[in-house]
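Before anything else, here is the set of structures, which you'll find just below.
Two complexes are shown next, each including chain A; its partner changes from chain B in the first to chain C in the second.
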Partner chain A sequence: MRKYVLLALAILFVAIYLFPLYWMYVTALKAGSEIFRFPPTFWPETLHFNVADVWVRLRMDRFLTNSLIIAAGTTTIIVAVGTGCAYALARVRSIWMDVAMFTTLMMQVLPSSLMITPIFVSFNHVGLLDYPRLAVVLAQAAKLLPLYIVLCRTAFMQVPRELEEAGLVDGNSRLGAFLQIAIPLARNGILVTAVLVFLLSFGEYVYSRSLIGERALQPATVGLQSFMGPNTSDWSGVMTYSAIYVTPILFIFVLLQRRIVSGLTAGALK
Partner chain B sequence: MARFIRSVRDARGLDAVLVWLALGYLGVFSAFPLVYNVVISLQTVDLFSLASFERPFVGLQNYREVLGDPVAGTVLWNTIQFVVLSVVFQLAIGFGLALFFQQDFPGATYLRGLFLAGWIMPALVVGAVWSWILAGDFGVLNYLLRSLGITDGNIFWLSDPNVSLYSVIIANIWLGIPFNMILLSVGLAAIPRDVYEAAELDGAGAWQRFFTITLPLMRAPLGAVVSLGIIFTLQQFDLFAALTQGGPSNASNVAQYWSWQLSFQTYQISYGSVVSVLMIVFVVAVAAVYTRSTRHEQSY
Partner chain C sequence: MTSPQIELEHVDKHYGHFHALKDINLEIGKGRFVALVGPSGCGKSTLLRSLAGLESITGGTMKIDGEMMNGVPPRRRDVAMVFQSYALYPHMTVKENLTYSMRLKRKPKEEREKAAREVAEITGLGNLLDRYPRELSGGQRQRVAMGRAIIRHPKAFLFDEPLSNLDAALRVHMRKEIRALHDRLGATSVYVTHDQVEAMTMADHVVVMREGVIEQAGAPLDLYDHPANRFVAGFIGSPAMNFVEAAVTEAGDAVALEGYDGAVLPLGRKLEAGRRVVAGLRPEHLSLGEPDKSQFRVGVGVVEFTGAASYLSSAGEPELTVFHAGRTEVRPGETVGLTIAPRHVHLFDPETGRRVG
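So, the complex of A and B:
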């Protein structure tokens, strides 16, 4: 009995917490006049699907394509550069590895909104601002690389060292052992972390807002912000836009929820 | 050359190459801007001198001007309120939920994981949803507060200078609860069950067990969560962009948003970098204390 009371309470807490999400979807489904009714309705009287209209009117295809390009580019760089570092940090114990780890952790906490000023000035010097999406990718990769290294390091630490040593005895080089034994065994952890990096970059805002001036190259976050002036009244459009934008993110999250949670908790406290 | 290749394939050389690849990237795109930031803050940088390398060196004059600006005081006080209130409420609510979900009932782990849905969403979208919830005339929060009899009239959350900062804090607390809760759950799970059982046998009540066992044993995780909370709160930018843009007239402006405004809206880039340098020093100090303390814990 007690268990079911607790379960009911737990569902109530989740419902209260996720109310903003519910409100986003409900508003997206309401007709224009019903949105501005006071007192508000908590379930749409008439369902009103304006997904197609908002998609076309607010040019969401363009914005989401840019978001995808930025997220894919960031993830590619991070996986290429960070995986080996995470492996080395997991395998070797020395004072230098401790220094490298400490440096990585320090780089993780630098806020984007504070780093953007020097990044903007130095990218301007070398002409990177002519390739604004590349500029965002390079900056965002530096922002999330430490997180990726820290989380992947725990994935590699769970791979038993003995398996690699057996590979070395069989005549594999260390590089071979890394590529053919360690990476396949840590595959799940690497994949989940890469997905996490992808999702976080898919919602990147500060760098894109500051480095991308041209409308056609901006990602979905910047697009959404520009539709929400101080006197927005197009809440139907804004909420529909938001719903279209976050639904795939939430879908991937629900699929990988267990793994993301365990990856985060293992990495964050180490 | 052949020896180098062999050492990369076989010996310690491999680890060095792998680590230097990542550190090199971070050096170019994080450490260099970090140092360059200090240089910019000592020069006069605006739209005219942006592209040139020969910018007038003005020493600490920028620092004097920024700190002497009357806005600086408002921003500092707002930042303190933003950080302290966000961290306190995130921690209190997150800890409460962590304790609740620690109990044994079906689906506890799964339901707890659902909270992270808030964390994974782009903060800008979270800001958009909250700005609709907090809207003055048609916002659902005003409706709930009025129908519960808590307030009489509509509160203009985003445009009233007395409350605009609190509206961002509310959204930020919402965003931070899941992370606090998950990390504290890990800490709670690490406390051995039999300690509680022994205490229960000795006749300790629930409150007594909480204050004499849970709190003391949770000191390290709580410290970690507070440090991480401060760091994440100082990274928060998107909510300000979506909700109040620091307004009205800086009533809800905080240091990390002000720095961006100075650089990218009024193009006083050297002033923006002054604020940035000062805040980065603070964030890194908090992070260094946190990292050192977790290292210390591990060595036991």
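So, the complex of A and C:
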């Protein structure tokens, strides 16, 4: 009995939590007049697909390309810089490493909206605002690097030290052991974290909004915002836009979930 | 014996304030099988890892084949190591594990295949070459770890407690196998273990360590027959040696055991009269007899049978353990007589623990 009550509660909370997502998809599929009807309908009476129309009309190709550039750039920088750092933090144990770790974590809790002012001022000084997408990539990389390091460090800590030592004795250099043994074995963790960083950067809003003035360079998040306002009537268009933007993210996330689970169970040593 | 293959002189190792190895001096001849044995934390693993180059020593010199090894990275030392956890690369097949060192040296594929087959033959891994480590049993993993070392034909094999993850029966089996392999390959082996039985049965030279110091080094039976101090005497041999406080008699040719009235053991050698000592009596050297025809008498507290042998524990303080081959009719509560040959009475200084006389 108790089991069913808990299950019912769980379903209720999930339903509340996922309602906006559901509403987005449903609204995207409704025709213009049905959207404003009261009481609202929970399933569209006539399915109304306007994906192609919205894609062209709202210049989504341009926005999504910008989003992809920002996300890919951020992920590349973070993986290149953060992996070695995470490894070092996982392997060397000392009070200074703890200090470094603490500082890293502290940077993680500073909100973007607070950081944007000093970032804007300093980027302006060095002329980075002339390359607004690069500026967003740098700011976003700085923002997410701590998260990446902390998560990757855990992945490296699960690789037994003895494996690298065996590699060293077998004739590998320190760097070789890192590249050929530590990285392949921490691969799942690195991959999952990198995808997470990519998705977070794909949905980045605050930095893009502040640093990119030119409309042609804005990512999808900022672009979407510009279509919304008190007088918006094209709800169907906005919701379709959102659905197009969110669906691939959800899809990747479902795949990512599987990898997390398999990453936890595979590769046990003994 | 040719010139030593491994030479350690005044080797010191500090971890911060912790002094892990204190003035270690050791020579290991070519083709020898040396066991480093001691309780956990005695520095035996640290010494082995220093030999491999995984730890740097903070003092002294370390030579392999006459070449100075201080500060030389592991890959330039030409030693192979078998780890306690086996440390097989989980993302590589058995064959890839075996030939990893050859791949690093960019040996051609045919040569690698040939070497892998040879080693698989030696270690009995014939049909497992394409498996992954996770698909192998403990004993098979152990063999892969050995094979990975053998394939390199190194100057020395370093074993870090390689058998401690195996169950008892397999351990006894692998013990013989490793020794046989050593004899066949003729390479120098350094073997770390906390199990003195492993050390005694496998090695031709045993180094007993405690708290970063070599307590005694020598042939296994030498350590058993002539332990240099109380620690070695208690560590080598199972069940452990009995220690009883005693005093040398007026005549100087016998010791009187304390706590055992009238227990006077002749020594067959002269010592300073009245000197206080600790007498070490191995359980297997105490023979049971009629109370009135023996050197001294003890009350029996516990009798244990293993089938092949019996173990008696005395009721008195300090407790004495007696090993009796075969079975005995003696029951707890009875009194038995014990006799020990003079040459089997070991005497140690109560303060320093050093062997006397």
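Here is the rule we go by: the second predicted complex is superposed on the first by the 243 of 270 C-alpha atoms of A that agree within 3 Å, B and C clash if a C-alpha of one lies under 4 Å from a C-alpha of the other, contacts with A are read in each partner's own complex, and residues count from 1 in each chain.
Rule of thumb we're sticking to: a contact is a pair of C-beta atoms (placed from the backbone, for glycine too) under 8 Å apart; a residue touches a chain by one contact, two chains touch by 3 or more.
These numbers were taken from a predicted model, which means no experiment stands behind them.
Colleague: For A:Ser173, select first, second, both or neither according to whether it touches chain B, chain C, the two together, or no partner.
Modeller: Touch status of A:Ser173: both partners.
Colleague: With the two structures laid over each other on chain A, which partner does A:Ser226 touch: chain B (first), chain C (second), both, or neither?
Modeller: neither
Colleague: Please name the chain, chain B or chain C, that touches the greater number of residues in chain A.
Modeller: With both complexes superposed on chain A, more residues of chain A are touched by B.
Colleague: Just chain B (first), just chain C (second), both, or neither: which does A:Pro184 touch?
Modeller: second
Colleague: Examine A:Ser33 and indicate which partner it touches, taking first as chain B and second as chain C; both and neither are also allowed.
Modeller: Neither partner.
Colleague: Give one of first, second, both or neither to describe whether A:Thr41 is in contact with chain B, with chain C, with both, or with none.
Modeller: So A:Thr41 meets neither chain B nor chain C here.
Colleague: Is A:Leu250 in contact with chain B, with chain C, with both, or with neither (first, second, both, neither)?
Modeller: First partner only.
Colleague: Go through the superposed model and pick first if A:Ala141 touches only chain B, second if only chain C, both, or neither.
Modeller: Only chain B is touched by A:Ala141; chain C is not.
Colleague: Check whether A:Pro160 is in contact with chain B, with chain C, with both or with neither, and answer first, second, both or neither.
Modeller: So A:Pro160 only meets chain C here.
Colleague: Please identify the positions on chain A that touch both chain B and chain C, taking each partner from its own complex.
Modeller: Common to the two interfaces on chain A: residues 173-174, 176, 268-270.
Colleague: Which chain A residues qualify as touching chain B in the complex?
Modeller: Residues of chain A touching chain B: 2-4, 6-7, 9-11, 13-14, 17-18, 20-21, 23-24, 27, 35-40, 77, 81-82, 84-85, 87-89, 91-92, 97, 100, 102-122, 124-125, 138-139, 141-143, 145-146, 149, 173-176, 178, 199, 202-206, 209-210, 220-221, 224-225, 228, 230, 232, 235, 238-239, 242, 245-246, 249-250, 253-254, 257-258, 260-261, 264-265, 268-270.
Colleague: State the interface residues of chain C toward chain A in the complex, per the touch definition above.
Modeller: Residue list for chain C touching chain A: 52-54, 73-75, 79-81, 83-85, 87-91, 100-101, 104-105, 134, 148, 152, 158, 165.
Colleague: Which residues of chain A touch chain C in the complex?
Modeller: 160, 162-163, 165-174, 176, 181, 184-185, 267-270
Colleague: Across the complex, what residues on chain B touch chain A?
Modeller: 8-12, 14-19, 21-23, 25-26, 28-34, 36-37, 40, 45, 50-51, 53, 97, 100-101, 103-111, 113-118, 120-126, 128-133, 135, 137-138, 140, 143, 147, 159, 174, 177, 182-183, 185-187, 221, 224, 228, 231, 234-235, 237-238, 241-242, 245, 256-257, 259-260, 263-264, 269, 272-273, 275-276, 279-280, 283-284, 286-288, 291, 294, 298
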